[in-house]
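Notes to accompany the following structure.
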Amino acid sequence: MNTAGGAGESGVGADEMLAMLEQMTFIRRFEEEVQASFQRGEVPGTTHLCIGHEAIPVGLAAALGPDDVIATTYRGHGHVLARGADPAAVAAELTGRAMGLNGGRGGSMNLTDFAHGIIGSFGIIGGSMAAATGAGLSFRGTGRVAVATFGDGCANHGYFFECLNFAAVFRLPVLFICEHNLYGEYTPWEQVTAGADIAARARVFGIDATLVDGMDVRAVHRHAAAAVARLRTGEGPVFLECRTYRFVGHSRSDPATYRPPGELEEWQRRDPLIVARDALHDAGVPESVTGEAEGTARERVRQAFATALASPFPEPAVTR
Amino acid sequence: MNTAGGAGESGVGADEMLAMLEQMTFIRRFEEEVQASFQRGEVPGTTHLCIGHEAIPVGLAAALGPDDVIATTYRGHGHVLARGADPAAVAAELTGRAMGLNGGRGGSMNLTDFAHGIIGSFGIIGGSMAAATGAGLSFRGTGRVAVATFGDGCANHGYFFECLNFAAVFRLPVLFICEHNLYGEYTPWEQVTAGADIAARARVFGIDATLVDGMDVRAVHRHAAAAVARLRTGEGPVFLECRTYRFVGHSRSDPATYRPPGELEEWQRRDPLIVARDALHDAGVPESVTGEAEGTARERVRQAFATALASPFPEPAVTR
Amino acid sequence: MTEFRAAIRQALIDELTADPSVLVFGEDVAAAGGVFTVTKGLQEQFGSTRVFDTPISELAITGAAFGAAVTGSRPVIEIMFGDFMALAMDSLINQAAKWRWVSNGQTAVPLVVRTTVGAGARFGPVHCQIPGTWMQNIPGLKVVCPSNPADAYGMLRAAIRDDDPVVFMEHKRLYLDEGELTDAPVELGTARVVRRGGDVTIVSVMKGVGDALVAAEALATQDGIEAEVIDLRSFRPLDVATVVASVEATGRLLCVEEGARTGGWAAGLIGQVAADALGSLDDVAILCTPDHPVPFSPPLEDAALPGPEDIRAMVRERLGGA
Amino acid sequence: MTEFRAAIRQALIDELTADPSVLVFGEDVAAAGGVFTVTKGLQEQFGSTRVFDTPISELAITGAAFGAAVTGSRPVIEIMFGDFMALAMDSLINQAAKWRWVSNGQTAVPLVVRTTVGAGARFGPVHCQIPGTWMQNIPGLKVVCPSNPADAYGMLRAAIRDDDPVVFMEHKRLYLDEGELTDAPVELGTARVVRRGGDVTIVSVMKGVGDALVAAEALATQDGIEAEVIDLRSFRPLDVATVVASVEATGRLLCVEEGARTGGWAAGLIGQVAADALGSLDDVAILCTPDHPVPFSPPLEDAALPGPEDIRAMVRERLGGA
C-alpha cells in the first residue's frame, strides 16, 4: 500500500495519508450533519462535537489493531467512526433509533460498540480513564492495548490521578490520550489547572508522556504507533497530550463567547484537514486526488443519516 | 525566653527546644498509655498511634498561631495534644467518656476540638486535606493558615490531587504536611506509589514542596515556620513531605511482620526524642535538665488517664 | 411572574447580599453563569472571591465546602448534574453530615449543594438521575426539592441559612416554569398540601407535583374523583405526619416517583405511613419508573416516565373506576 | 464447622480455582490477607497477577473493576469498609450498573464488590455504616448480604458467577460465627424463611437475623408467641413476595434494621408489601437505629443498636402483650 512519495517525516505513505484525510473529512462532515440534525430537531438532547479534533481519532485508529479497545467520552463520535463502527448505526443512535449502536438507549454520550473495540463512550469525566485502566488489567501479558481518551478538564479529576498511578504501578498496557483543547466547557484550562502542561502530571508517575501536535495527523499517528509498539511489549502505560482545539462550542448551541478574539481563527489556520491536504500536495499528490475525499465523505454521511432517519424508533415495553 | 546556647542550626533556642522535647516525650508516653489501655480493654475499638512521628506534631504546633487550624487523621493524637487540647479530654474521648473531646461520640479516629483549632481528625483518607482546603477558602486574605496532615498512602488518593490543584489554583493559605512513614497499613509505599518522592506530586501543581527530616523536630519546626510565614502573605499553598517511621504497628495489635529485618532498629536510632536530646546535650544543656522531661510526661499522662477513667460514660438517650 | 431558575438566582443574590460569609462555587457557575444559566451575573455582582469557577473536581469541591463551612463560611456549591453526586458523596456522608453530631455540637456545617436532576430532556442515562434516594438514609443531611418558583426561592434561602448540610435538587424540566415569589419563610422538611380533595391522596415531588395537579383536575372534572395532592418537598427529613393526616381523611395513597420502585422514596414513605397509621389505609399504590436506567431515545424515555395520564389511570384503576 | 470469614475465603478459592478470569484486588487484601484476614493466603496460592494489593484509590479500584469486567475478567474487589463505598459509587452507579442495559446487551458486567459493614465493634461513626441503602435504588446493581457462613459461601460464589455487578456486604460482627457449608446454589435476590411461626413475621438481614432468632426463641418459650423469621439476604433485588407470603399467614410484620428509619430498607420493604398485600396487614412496625450517626462510646453504641431484647419487647408491645 505504501507507494512512493511518503508524506513527509511521518513515515506515513501517501496512500495511508490519503486514507486518513478521507476519514478526517468524513468525521468533519458527519459532525456538521449532527449539528444540522440537532438544529432540525432530529438529534434530541444535546451533542458534543469533535470538529477540530479529527486528527486525533484518525491518527490513533490507524495505530491500533482490531483486538485493541478504546474508551472515549461524550466527545468521542470521531473515535467511534474511526474505529470502524457503522456510520448509519452511529447516526441512528444519535437520533434515538432501534438500529442505533446502543439500540437508542444511550444516545450521543454513551456510544458503545464492542464489535469494533469501543467499550464505551463515557459521559462522566474520568470514566473513560478508569474503563481503559481496567481493560489494561485484562490485557496484561496478551499484547493487547487499551486506550483512554479524555479532555484537559479531566486532568483535574481524582479519576485522572488515581488511574495514572494505578496503571503505572501495575505497568498496564494503557495508552492515555489527552485531547487538550484549551477549554473544559466554558472555562479556560489555565484558570483551573495549576502547574505547567498536563503531560507533566503523568510524568510524575514515571509515565512516558509526550506533547503532541494534535492538529497534525502524522504526528498523532507517529506517536500513537510508537506508543502502541511499546505497550505491546508490556513496558507500562504511555501518555500523549495532544494539543488541539474545538472549532465549535462545547455543546448544543454554545456560542463560545468566552474565546479571546482571533483565537479560533488562529487555530483554524492549523485545521487538521488543511494540514493533511497541504502535506499531500507537498508530497506531490495532486488536488484532483485530495479533492475526492470531500465528495466521498458527503455521500457517506448522507447515506448514514438517510438510513438512520428512515429506520424505526425502538418500541417501549414498560413494566413498572 | 530564648536564652543563650541555641540548639544548633535550627534557630530554635534551648528553652524552646527543651519545651519541644518535653512535648514529644509527653506524646510518646501518652501513646504508650493508649496502647496499654487498649490492651487492658479500657480503650475500645482500635487505635492508631503516632509513636515515632512526634517531631512532626510538635515542630508544627510550635510554628502555628492560635487562630490557625489543623485537620488531621486517625493517627493525629499527637497533633491534638500538641495544639493544646486537654489531655484528660483526649484520654476521655479514647475511652468513650462524656467529658471526652467529642463527648464520646467520635472516639480516637474523630478527635475534634475547635477551641484549640482542631477542626477534626478524619478517618477517611484524604478527608483532612479537603477540610483544610476548605478552611483555606475561609481564610483567604485573613493571614490565618489551615494545615492538613496525612500519610504517604493518601498520596494515591483522588482527594490528594484534587485538593492540591484546588488549593494551588486559588492560592489558598494551606500547609500540606505529608507524614511519610513508608507504609499504608501493611503495604510498603513504593509498591503502590509510582514515580519518585511524594513532594514531586505537589510540585507538579506549582506548589512549593520540600522533603523534610521528620525525625528532627528542629527541621520540622524550621520548615513549618518558614511555610507559615509565607502562607500568611497569601502566596499560595506549601507542601512538606516529612519522612518518618512509626515504631509500632498500623493499629491495635498489628505485629508489623511486613517490615524488612533491621528497618525498625535503623529508624529507632533516629528516634526524634533521641535526636532532640542529643542536640540539647550538644548545646550544653545537662542531662539532669533533659531528664526532667521524662518524669513530667509520665505524671501528666497518669493524671490525664486517671481523670478520664474516673469520669462517667455518657448517658444514652435513644429515640428511634 | 418569575421563572424557577430566576427564583433560584434571586435567592442566591439575596443571601449573598445579606450575609458576606456566603460563597458560591462550582464548575462553570461563575463566568458562564451555569449550564442552565441559573447563576448568570452573580460573579459580576459579587466578585470572584465570593463567586467562582472551580476545576472539575467534585471531591475537592464538596470537601472544600465542608472545610469552609466549619470555619465560618456558608458555601453554596453546585454539582452540575445530580448523577455526579456519586463523586461528591464521601464528603457529604462521612464529613458534612456527621460533624455537628460527632463533634458533640462544637460546630455547625452550613453548606448547600445545588444539583440539577431529573429526566425528560433526552440527556440519556447518566445525566438524569435523582440522587435524593442515595442520601435519604444519612442522618445529619437534609435533602430537599422544590416543585415551583416560590418554593425554589423560599427553600433555597432556608437551606443557605440552615446550620446543617442541605442537598438542594433542581429538576431540569422545571427551570422555565413561572410563578410568584413571596417572602414567606419555608421550613425545610415540611410537605405542603397543594390541592384539597377527599377521595385519594397523591404524593409527589418536583416535576411530579405538577403532573399530579393536572391529573387531579382531570379526575375532578371527568371522573368525579377529588384528589388531595401533597408536595413532599423533602426526602429528608420526611414529613410523614402531613401525609398521615391526609390519608386519615382519604384512606387512599398513591405515590408518584420518578425513579425505581426498590429503594425509592415512595415505598419508604408508604412504609412509614403504614407504621404510623395502618388502620387508615384502604389502598396504597406506587407509580414509578421501570427497573432499568433512563433511556435516551424519546419514545423509550417518554414511556419510562410517569405523566398525568398514568397518574389518572392508576387512580381510576385503584378506585375501582369510581 | 466453618467460620463466616473462612466461608468467604473458601468461596474465593473455589472461584479462583474454577475460573482463571477471576481476579481479587483491593487495599491490603493480598500480602497481608485483609484487615479481617478474610483473604489470607490467596496471593500465595494464586499468584500476584490474580490477587494483588492496590493503592488507596477507591475510584480507580472500582473503575478498573468495571473496565476489567467488560473485557473478559471477573474482578472481585474489596472496599475495606462500607463507609468508603461513597468514594466508589460513581463507577458502580454510572458505569457498572448501567452498561449491560445501556449497551443494549453488548456486554455483561461481572464484578463483585466485597465490603465490611455494620456497627457494634466500637469503630466509631465512619467505620460502621451499611451502604446498602445508598445503592438500593440503582437499577442494574445487586446488593446482597449474608447472615451466616453457608450463605456467605453460596452467595459469594453466586455473586462471582453473576453477570451483573454485585455489592456483597459482610457484617463485621459475623466474621467469627460458625456454620456448615453446602454446595447448594443460592439464587441472589431471594429471601429465606429461617424460622417458621404463625403469629408475627420478623424480617432482618445480617447480624439482625441472629438477633431475631434469639428473640423468637424467647418469645416462643416465654411469651407463647411464634415468630416467623425471614432473612432478606438482599437489598436489591428485594424479595417482596416471600415476605408477602409470610404476612398473609401472620398478619403482622416487624422489620429490624441497623440503620435510620427514613430512607431505610425496612420502611421501603413495608411500603412494597403494603402496595402488594395491604389487606393482609394487621400491624407493621420498624425497629431501627436513632436518627444520628453511630456513636463510638460503648454505652451509646449499645443503646443505638437494636438487639434481641428490643425485638422481643417490640413484638410483645405490638401484639398487645399476647
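Which chain is which? They are A, B, C and D, in the order written, and residues in each are numbered from 1.
Rule of thumb we're sticking to: a residue touches a chain if its C-beta (ideal position, glycine included) is under 8 Å from a C-beta of that chain, and two chains touch if they have at least 3 such contacts.
Note that the structure is a prediction, hence the values are computed from the model and not measured.
In terms of the stated touch criterion, the partners common to chain A and chain C are B, D, listed by label. Highest C-beta contact pair count among chain pairs: C-D. Among the remaining chains, B is positioned farthest from chain C, on the basis of C-alpha centroids.
Between chain A and chain D, the centres computed from C-alpha atoms are 41 Å apart. Chain C and chain D have centres, each the mean of its CA atoms, that are 29 Å apart.
Taking each chain's centre as the average of its CA atoms, chain A and chain B sit 47 Å apart.
Inter-chain centre distance (chain B to chain D, centres taken as mean C-alpha positions): 37 Å. Residue numbers of chain D whose C-beta contacts span two or more other chains: 54-55, 57, 59-60, 83-84, 87, 90, 94, 101-102, 125-126, 261, 290-291, 293. In chain A, the residues touching two or more other chains are 102-103, 105-106, 110, 123-124, 156-159, 162, 165, 169, 191-193.
Residues of chain A touching chain B in their complex: 156-162, 164-165, 168-169, 191-196, 200-201, 203-207. Within the complex formed with chain C, the chain B residues making contact are 69, 71, 101-103, 105-106, 110, 112-115, 119-120, 122-124, 126-127, 129-141, 146, 158-159, 162-163, 165-166, 169-170. Those residues of chain C whose C-beta lies close enough to touch chain A in the complex are 27-28, 31-32, 35, 53-60, 83-84, 87, 121-127, 261, 287-291, 293, 295-300, 302-304, 306. Contact residues of chain D toward chain A in the complex are 23, 49, 52, 54-55, 57, 59-73, 75, 90-91, 94-95, 99, 101-104, 106-107.
Chain C meets chain D in the complex at residues 59, 83-84, 86-87, 89-90, 92-94, 97-98, 101-102, 125-126, 129, 133-140, 235-238, 259-272, 274-275, 278, 281-286, 290-293.
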